[in-house]
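Structures incoming, each one as structure tokens.
Two complexes are shown next, each including chain A; its partner changes from chain B in the first to chain C in the second.
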Partner chain A sequence: MSLAAEAFVSQIAAAEPWPENATLYQPLKDDQILLSDCASSLAVQTYLRMCGLPVQVACKANAEYMSPSGKVPFVHVGNHVVSELGPIVQFTKAKGHSLSDGLDDVQRAEMKAYMELVHNMLLTAELYVQWCDDSTATEISRPRYSSPYSWPLNHILAYQKQWDVRRKMKAIGWGGKTLEQVYEDVSQCCQALSQRLGTQPYFFNKHPTELDALVFGHLFTILTTQLTSSELAERIRRCSNLLAFCKHIEHTYFKDKST
Partner chain B sequence: MGAVHARSLDPLPMRGPELGVHADDVDAPDVEQDPKQEVLENKNVVVQKVHIDGLGKTKEDCLTYEIAEVFRAKDLIDVMKRSHEARQRLLRLGIFRKVEVVIDTSQGVDALPNGLDVTFEVTELRRMTGSYNTMVGNNEGSMVLGLKLPNTFGRAEKLTFQFSYGTKETSYGLSFFKPQAGNFERNVSVNLYKVTGQFPWSSLRETDRGISTEISFPVWKTNHTLKWEGVWRELGCLARTASFAVREESGHSLKSSLSHAMVIDTRNSSILPRKGGLLKVHQELAGYTGGDARFLKEDFEIQLNRSLFWDSVLSASLWGGLLLPIGDQPTSIADRFYLGGPTSVRGFSMYSMGPQSKGDYLGGEAYCAGGLHLYTPLPFRPGKGGFGDLFRTHFFLNAGNLCNLNYGEGPQAHLKKLAECIRWSYGAGILLRLGNIARLELNYCIPMGVQSGDKICDGVQFGAGIRFL
Partner chain C sequence: MSAPDELFCWEGDWGLPSVDTDCLTILAYAKFAGAPLKVHKISNPWRSPSGSLPALRTSKGEVLSRPSDIIIHLRKQKYNADYDLSAREGADTLAFTSLLEEKLLPALMYTFWMECKNYVEVTRRWYAEHMPFPLSLFLPGRMQAGQLERLSLARGHNALEAGEELEKELYHDAVECMNLLSQRLGANKFFFGDSPSSLDAFVFGHLAPLLKAKLPNGKLQQQLKSLDNLTHFCSNILLLYFPTDGRENLSHKASSQAEGGDFDHVPNKRRKQILSALVAVGAMLAYALFTGILSIQHVHQRAIESSPGLPADEEEEEEED
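So, the complex of A and B:
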């Protein structure tokens, strides 16, 4: 799409109100979805709940391929299809829903920096554990990822995905890391978040922002997901204020749902 | 003794039912003023030896079937006829560039007085041939490398490999073909391929990686093909603006299908025939041998041609098809039928009729289409007997419909649904025949019975293809 067309679309998007039938697409919840996708999906759902925007969750085996960017989750709102948290935040902003309007420029920059930290550390660590740790990949990731497909396509797609992620890890310099080093990175990331949070209810005091949605999505998913080893969750549990933060958000935004 | 040469009589024969030998085609032997000539012609002769000269890698055992008939000849005319027949059979194998026949009286110690020796002088094709093409079209350029090994193992097997590297897509195909010795129509082939197609009418991109094996064999006047195909299909949107209905079909699927095709073709040519008919019935069952696509697909094609006055030909054709999903899974956009365009129902844009979502055509589970053509030579017949014969004018009437069926309703309701909202068109145009495989058309079309959502091409429409309604 050309820039002009994109600008035009965002103009249109602004004109239309948020519809009732907005749908969020993610992989099959019980058999297929993996930790990283589940975390990203929960982050988007939390963000939309914080904005007060209703969304239905649809589980599709081919959600990853339906997404325009090849990443889940994505939302289908009216005639628009938007994937991943960043673009979805931009999209809701165009429609007049924003959580970060109350922040000044310094805080906004700080928020972006912490969001980057979560992307670069937590999300990457999740991907590393899923696909680069052999026992997790063999016992959990590959069987789950390929569960909707029949033989021999299931093996082809699972190994193709694993190979893609490992290549990406090599490209960003995580290829040579050991599992212990990755856990250590997660610990450091959690400590940084824990320090920033302090005793506040949200990262920027009284009001939730997209950073809160993102952190909650990842931490809550790691804490509640059974992996081959519980080490990842253990590292998070060491920061007690993050645990309280997760409980608080769960209670505030998901109390009607038993997630 | 007068040696009789039957030199390259015909070009390589095309595939078709009329492969039989025409005795008239055989050159009359050069009648030399030899007193023994007359005697030989009337006397019974015995073919004592048949030689094949010039064989390199070809194994003799598979050729003996092709030339066996020559030994059964009773007189000289018969010998020539059968030798010519054998020559045609040898050429059909596609492993010789040239075959010449020499008939001579037998020589040597055990030669009978009425014995004849027949010698086939053959020139084999090269062990390997290659080709290189560059193609430009549709916002894409590609280079195509081809490699062919005729006669791979010496028994008329053929191994072909084609690789196309484009600015957008890469595709390849590897195929191995093996005929049964002495029965060329019975053959087995194995194919391995990757093809990528872009279908702008559906905003769809499809990448297929597959393997297929097929067996072809003739039964009486029909030709049958049994095929198993396993394809890994990857569907995706061609653009971000693709409709959500197409987006929902994105992703991977595996189709494993058994199919059977039967063809009766009595036409004198597959492009612009003057007489004869074609019946093609194809059925495909997917899902019972694995894979996640499950359906039964039936389709047929009928064409009848009749020569009329002044070299004009009347041609009628009828196509139809039905796709039945098995189980509760809906059919895939990649399996459904599409209709419309310059090669089917003219006057409509390419595959742009029937069920659609926001301008993306989704195809239908049932279709039928019919066409009536009157082909005539060009008015005033310019270039008659030469270039002008490649052209024809035609008047046409096309009709067709494409829809989805609700299988709870029963066959009566299906026929009714196919019969209502029929799209049709009429017009006239000029067509050009390209070799014996393709034709180009330039038509003026008037579409009728247009339904909402159909994309029409009112006026001049250009078409190129190998299969026409």
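So, the complex of A and C:
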């Protein structure tokens, strides 16, 4: 979303309350969605639950093409369509719902920095495992990604997506990494998060912030998703306080769904 | 460890030990950690062992080119600037490095490589002037293409056009990032107390070129200059760890200024002007003579004498057609 549009949206958004029929769109939950999209979607859902804003989840096969930025998930609230966690946080802030108001300047800087750490390392690692590890790409990512489409479109779209992701990896310098190095990066990232969390219930002590939602979204999805190798989840399990953190958030915000 | 590791990096200018962000980061880290590197400051990337700059050739003959790999290598050699940091501070380092990469780096790439005026007058000119002749013709353009591709892939849009909107978005993120850094630094000398760490090297590497380059379009630069503690942080590191580069630059600032103004200041200006005018006139005359626009006829003395009635000034005749 462009900046001018963003400013416009936040002006209008402030006037309207959060509607009851807000909808979050994501790819099909059982057959299609991939680890990275599922993690981002869970992060947004967690964030909205933390704010106490109701949202219905709608699964569409073409969610990726419906989104204004080409990335899932996105929310449809009243007359607005907003995609990805960062803009959604700004959007809810304009409506008067914010989780990070109680932080001071230094804490806010740290929160932003850790959110970028999750984007930069966890999300990139998820994409790498999905599309650059050949066995995962062949057995899981390509068939799932293309499941709603018929032959030959399914192959074309899946290979196109894989090609895009690989080019991106090359551009950001991850092209030459081995799977082992990527796992090592994930470990490093988890250790950093674990250190920052310490023994607190949330990253900034008693109150949840968007950082907690983002970290929970990614860690919980990695822990509960079956991949060809469980190495990614193993790396997270080594940090016991992160496991406790995930359980605690799941218990607090997803009690009704936890069957 | 017989021979020291060799580091190949871009030459310095503008009062910096190197003009490139990655090179600056590594140079600063090596200084902070006290690593004895043999530094080759070159301006021909083809002379580096990896074909790009920066590159580190270790004593075992390995070649590393990613800054994070080089820093990890130095750390393994016991040159660790982060030794005193607590685990929590180590985690903060990782987080703020990600913040720099995601938010500030795209805007820097835009300012130096995509913004037309800056690219033509500063970036391309600097690289073209410093590279040897045949490389200077195509390498700056190729470097730009690489940067643009990286920027567009990182943003996830395939079509990327330089324009108000893109600039605003990137600068918005970058200004936010600089504000966050400034708030995190506060009144400290370095990010984690009194001694510098790898995070200081990364921040210095990203901010110093923006601070010191003389950019014609300096919107982002202005923003940085308004954050006093970050500006002071950069100049402090330059003063403490790279005193020679700063001084060298001051001393040959005068000469470089004269060189820099090559287009306006030519020695023996008047003589060259007259010479070139003469050459031009000569060439035109030669052309006119050879193609027959102008012809010179020699009228014999005898012919003039035999016909005294004719005026003597018909010796030269101009025919135009």
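Definition applied: the second predicted complex is superposed on the first by the 252 of 259 C-alpha atoms of A that agree within 3 Å, B and C clash if a C-alpha of one lies under 4 Å from a C-alpha of the other, contacts with A are read in each partner's own complex, and residues count from 1 in each chain.
By our rule, a contact is a pair of C-beta atoms (placed from the backbone, for glycine too) under 8 Å apart; a residue touches a chain by one contact, two chains touch by 3 or more.
Since the model is a prediction, treat every value here as computed from it, not as a measurement.
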Based on the superposed arrangement around chain A, label chain B with chain C as either clash or fit.
fit
Between chain B (first) and chain C (second), which does A:205 come into contact with in this model arrangement: first, second, both, or neither?
neither
For A:90, select first, second, both or neither according to whether it touches chain B, chain C, the two together, or no partner.
neither
After superposition on the shared chain, which partner residues are touched by A:114: those of chain B (first), chain C (second), both, or neither?
second
Value for angle(chain B, chain A, chain C) over C-alpha centres, in degrees, nearest 10, is 80
According to the stated criteria, A:188 is in contact with first (chain B), second (chain C), both, or neither; which is it?
second
In the overlay, work out which of chain B or chain C sits against more residues of chain A.
C
Identify the partner contact of A:66: answer first if only chain B is touched, second if only chain C is, both if each is, neither if none is.
first
Check whether A:229 is in contact with chain B, with chain C, with both or with neither, and answer first, second, both or neither.
neither
Look at A:157 in the shared chain and tell me whether it touches chain B only, chain C only, both, or neither; answer first, second, both or neither.
first
Chain B to chain C: minimum CA distance in the overlay, Å?
10
Which chain C residues qualify as touching chain A in the complex?
66, 87-88, 90-92, 94-96, 98-99, 101-103, 149-150, 153-154, 156, 165, 168-169, 172, 176, 180-181, 183-184, 186
Note which residues of chain A are touching chain B in the complex, please.
1, 60-62, 64-66, 68, 76, 81, 149-151, 153, 156-157
For chain A, which residues count as touching chain C in their complex?
2-4, 69-71, 105-106, 108-110, 112-114, 116-117, 119-121, 167-168, 171-173, 188-189, 191-193, 195-196, 198
Chain A partner, complex, touching residues on chain B are 232, 234-237, 239-241, 244, 247-248, 250-254, 290-292
